[in-house]
Amino acid sequence: MTGFHLAADKRTTLEEAVAHVRDGATLALGGGLAARLPMALVRALVRQGTTGLRVVGSAHSIDVDLLVGAGAVAVCEESYVGFEQDLGLAPAFRRGAESGSLVVRESSCVTMLTQLRAAEMGVPFLPVRGLLGTDLPTLHPEWGTVTCPFTGQLLAAVPALAPDVALLHAPIGDAAGNLHLDQPYVLDERFAHASRVVVASVDRLVSTAEVAAAGVTVPAHVVTAVVEAPFGAHPTSCYPGYAYDRTHLAEYVKAASAGGDAFEAYLDRYVRVEEQTYRDLTGAERLTAWSASDEQWQELFR
Amino acid sequence: MTGFHLAADKRTTLEEAVAHVRDGATLALGGGLAARLPMALVRALVRQGTTGLRVVGSAHSIDVDLLVGAGAVAVCEESYVGFEQDLGLAPAFRRGAESGSLVVRESSCVTMLTQLRAAEMGVPFLPVRGLLGTDLPTLHPEWGTVTCPFTGQLLAAVPALAPDVALLHAPIGDAAGNLHLDQPYVLDERFAHASRVVVASVDRLVSTAEVAAAGVTVPAHVVTAVVEAPFGAHPTSCYPGYAYDRTHLAEYVKAASAGGDAFEAYLDRYVRVEEQTYRDLTGAERLTAWSASDEQWQELFR
Amino acid sequence: MSAQTDGRAGAVRSTDGWTLDEWFVVALARTVADGEVVFHGFASPCAQVAMHVARRTHAPGSLLVEGATYAVNPEPAFVPPTSNDLALHRDAVYRMRFEEFFDAACRGAVDRMFLSGGQIDAYGNTNVTAIGGMPHPKIKLGGGGGGANISATIGALTVWTTRHGSGRTLVETVDFLTDLGHVTPAGTRAELGHTGGGPQWLVTELGVLDYTADGRARLLATFPDVTVAQVEKATGFALAVADDVGTVPEPTPAELAAVRDVDPLGVRRLEFGPSDLARHFGPAA
Amino acid sequence: MSAQTDGRAGAVRSTDGWTLDEWFVVALARTVADGEVVFHGFASPCAQVAMHVARRTHAPGSLLVEGATYAVNPEPAFVPPTSNDLALHRDAVYRMRFEEFFDAACRGAVDRMFLSGGQIDAYGNTNVTAIGGMPHPKIKLGGGGGGANISATIGALTVWTTRHGSGRTLVETVDFLTDLGHVTPAGTRAELGHTGGGPQWLVTELGVLDYTADGRARLLATFPDVTVAQVEKATGFALAVADDVGTVPEPTPAELAAVRDVDPLGVRRLEFGPSDLARHFGPAA
């Protein structure tokens, strides 16, 4: 499905990195919920003006919502998009789905995992538990069923899914693309092995020895390009560096809920700018305080 | 397929540990080739007088050969049994296969992996690449084929395989059964999750904090019993503790090749004794010298 | 309500009162049996807190998989309002990989999952995808996570909602069937080949329900400020009612202390509307 | 032969001679193209040494997966006589998991694998299971590891044997077909749906062969002490012979130095019989 990427130095800029994402591509976004989302890359993608994406993955939030709001997404195939009980439904995603401008082919975590595993294992399909009796298959003409050749049991079956590009964010990585992640890895490992192109941003580019000492989670040979982007997951968390920015996320949700000019103003202020400007505006540095004490950590969530 | 094992203290003796292995059981052996094989448990199994085993796994050596020689095995379903170019074919395994006393249903690494994955994933079968056109399926009436519901392609298919018991060896573990392994893990992780019962021996029983600091490879909740057995992988290696005992392996191969009284004498001297006696007889301590220098390491292989 | 403490953080005297959100979490916690392997999904603060309460009270031998981090038996100092946060890993010796948890759930090694939904029918089928159905939703909900797979295979489900009283949550027919109850339009679990046991408990802000042999929700107990008639009125399907409907057993001081200790930020309260947050019980009420 | 060195361990002067085992490994190494992802299985000392020689000479950009440890691009100080040994991880930044490697091989991300066999037919099908076939083997060999799967999917195969001269290795029909060549009794690779390219090179202690368009082995070059007639006599199938059969190109000093540096224990020699170990070439012969 995918060959390895053997260049020794894969460092590049955000702009060049997201040039791997063509209009209409199937795009996997790393991280999960409001943790370790590849937000600097997502913002660069919005600046690039990409359209027609099919985004695939498990449970996501501002990454997908921002891309939908910016008009980059044609089809959404995640298992969840939202801000949990904290900030509620995903405004742009919801508006797109309800207006019909966004096609939502909702998936489920195990089903997405199984499709990626099929690509990773080099088989055209895999059987998967569940799904039968639910309405999810009505959104997926490409799914089917298979009869177990041994037990005769009918099971759901799904085709292999190899994303064109995966965007991942890691706390540290080296020039060759070796990445260290902290758990949970969510689907990042599977995206890395199943996707044709893997573009990674890292909070800090470090020596190979430093990544090796921390433990290589995603090996260089599956990574196509790597970009240093400090606070590159902000406003989502990327521990051990920084926590979730509840204030900024609330500001985003408010703008996205209002839509129109308010959303454009958000884009102008935070997305259509240099990342350095974004970091300064959001005061992302303050989120490193989580590690000082449990009290300071809790304060970030109040 | 398998429930978790939640007891807080799973420490036991070699004898009680192998009592989990009933005559006729499907048995998975951890480690690979001549590294990290669960030899103390295998020796205890021979002492127990178990018979009729179906052994399953990838590439193995003295573990399988000793069990075959001792009459414990009815069916062998490994991808390789031997001592590589160093000490050659596996004597007891070979004799069993050639005499017809042992049924060899040879498997292959990916096929075995796929069958374990099916059990782990809770599906009754999985498709797998290759096999078609080879003669391996002639040894496996339980394998079959499946047509991809999407591409129409015919693929090999194999049923889920959940071993009754897996025997694993780890350098360190805690009383609850958390195990740390060094790479390569071979199939140990898959055995741990796919098997009904997992019995582990460890060179050193340590605190939970020490295992956690090293990294938990196999979590306590899939482990049924744990036994402290210093040099428990000997005469195979268990780094970082000790290297491969080429001298002892050669002695084994010589005895197994001769068979009859010579093999019985090996069993009497090394297997039908206390593990402490075995360690003293084999001088296993000297194998820790590998870490002193590359020169001393090389000397162990001359 | 301001919880009076006896000097130790989170501990309460038995003479204190308690709020509905606390009691609700305790009722959820009691659906966990000791020795079970239990899991909640994301966006589930009440279930999240309840699992820790169970482990700290009557179910110390349960194995808790912290949803979205897959950390095993962590001891968080607080529950943050987002489910994939390092705060939830605290003191966990092991964190499952994503696929490791879901494989375990698919093969039947997980005993209980907590599930909620924007709509829930009599059989415990839930809709977390879209009010008004797809592809033309009236309200697009977040989505079901892994529920469409593992609701089929996990040993037992505790279903909950904090919006029973709205009259729009317990419905005759879900607009979209995301997670599996006992009987779907395509057949029963057995007919569909699903290995899990399905919904066992339904806990709502009005009361506690179980499921009859034919797989339909049955009212067992109400909170003391709720009548059976109110529950029936709020329920969109013909509701089975036990012969001896009682009151939900009161929380013990230990249970209340556990709720308050686990959840100092009160994330459980995010699931309730203002009128339910105002419900107060007990001696100090 | 005792290698003269110029003072640096493993380096040799161009006036030194070399042995067949060294030359054989060099010939194997040359089948690796720069930039390829290459793998050997266990019980394969010659292939194991050859991959490191390739990386240290003409193919520095290849990615080497050290068989049975799955370590990526290690720099071992020596090659031990067993394939799953920590000595083979040296300086590797990354070690694949077992399933990670095999998945990559199955999906086509691995470009080349080295394969041997007790029997090899004209199409490169190999038997590493049993002389005399199964279930009644005359000689039960060790078994095929993962070859029955990944010989179907890996980009190209380098097949080798050090027992061509026995007359019993290159055979008309393998007694048991363990690993896939170009054409099997059940059909071609294309007919069977296999995605890999199959055997590309066959290196033996007599010479170097490639494969014709119809998938049969063809002699390209012999070692200088071997005639074409000897090769034909030792081959159990009708052997295609290239129009311009030459001599296997001599090893360079750098290649010989790499062989000796990588393999100070001489594990490559374990694959050869005494008469082949005595074969010596070059100026000092």
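Order as written gives the chain letters A, B, C and D; numbering starts at 1 within each chain.
In this text, a contact is a pair of C-beta atoms (placed from the backbone, for glycine too) under 8 Å apart; a residue touches a chain by one contact, two chains touch by 3 or more.
These numbers were taken from a predicted model, which means no experiment stands behind them.
A.B. asks: Would you mind checking which chain's C-alpha centre is most distant from the centre of subunit D?
C.D. replies: C
A.B. asks: What is the distance, in whole Å, between the centres of subunit A and subunit D, each centre taken as the mean of its C-alpha atoms?
C.D. replies: 43
A.B. asks: Calculate how many whole Å lie between the centre of subunit A and the centre of subunit B, each centre taken as the average of the chain's C-alpha atoms.
C.D. replies: One centre to the other, that is 39 Å.
A.B. asks: Quick one: report the Å distance separating subunit C from subunit D, using the average Cα coordinate of each chain.
C.D. replies: One centre to the other, that is 60 Å.
A.B. asks: Could you say which residues in subunit B touch two or more other chains, in rising order?
C.D. replies: Counting only residues that touch two or more other chains, subunit B contributes 121-123, 128-129, 153, 155.
A.B. asks: Give the residues of subunit D touching no fewer than two other chains, as numbers and ranges.
C.D. replies: Answer for subunit D, listing residues that touch two or more other chains: 106, 153, 195.
A.B. asks: Which of line, ring, star, complete or other matches the graph of chains that touch?
C.D. replies: other
A.B. asks: Which chain pairs here would you call touching?
C.D. replies: A-B, A-C, A-D, B-C, B-D
A.B. asks: Provide the residue numbers of subunit A that touch subunit C in the complex, in ascending order.
C.D. replies: Per the stated touch rule, the residues are 32-35, 58-59, 78-82, 84-86, 89-90, 93-94, 97-98, 100, 103-104, 106, 108-111, 113, 117, 128-136, 138-139, 153-155, 182-187, 189-190, 237, 239-240, 243-244, 246, 294, 297-298, 301-302.
A.B. asks: Tell me, which parts of subunit B touch subunit A in their complex?
C.D. replies: Interface residues on subunit B, with respect to subunit A: 121-129, 142, 144-146, 148-151, 153, 155, 157, 159.
A.B. asks: Okay, in this complex, where on subunit C does subunit B touch?
C.D. replies: My answer: residues 35, 37, 61, 63, 72, 93-94, 96, 100, 103-104, 106-109, 111, 153, 195.
A.B. asks: Taking the complex as given, what residues does subunit A use to touch subunit D?
C.D. replies: Per the stated touch rule, the residues are 1-4, 6, 119-123, 178, 193, 208, 211-212, 216, 219-221.
A.B. asks: Per the contact definition, I'd like the list of subunit D residues that touch subunit B in the complex.
C.D. replies: My answer: residues 42-45, 68-71, 77-78, 80-87, 89, 95, 97-99, 102, 105-106, 129-130, 133-153, 176-180, 184-187, 189, 192-195, 264-265, 267, 270-271.
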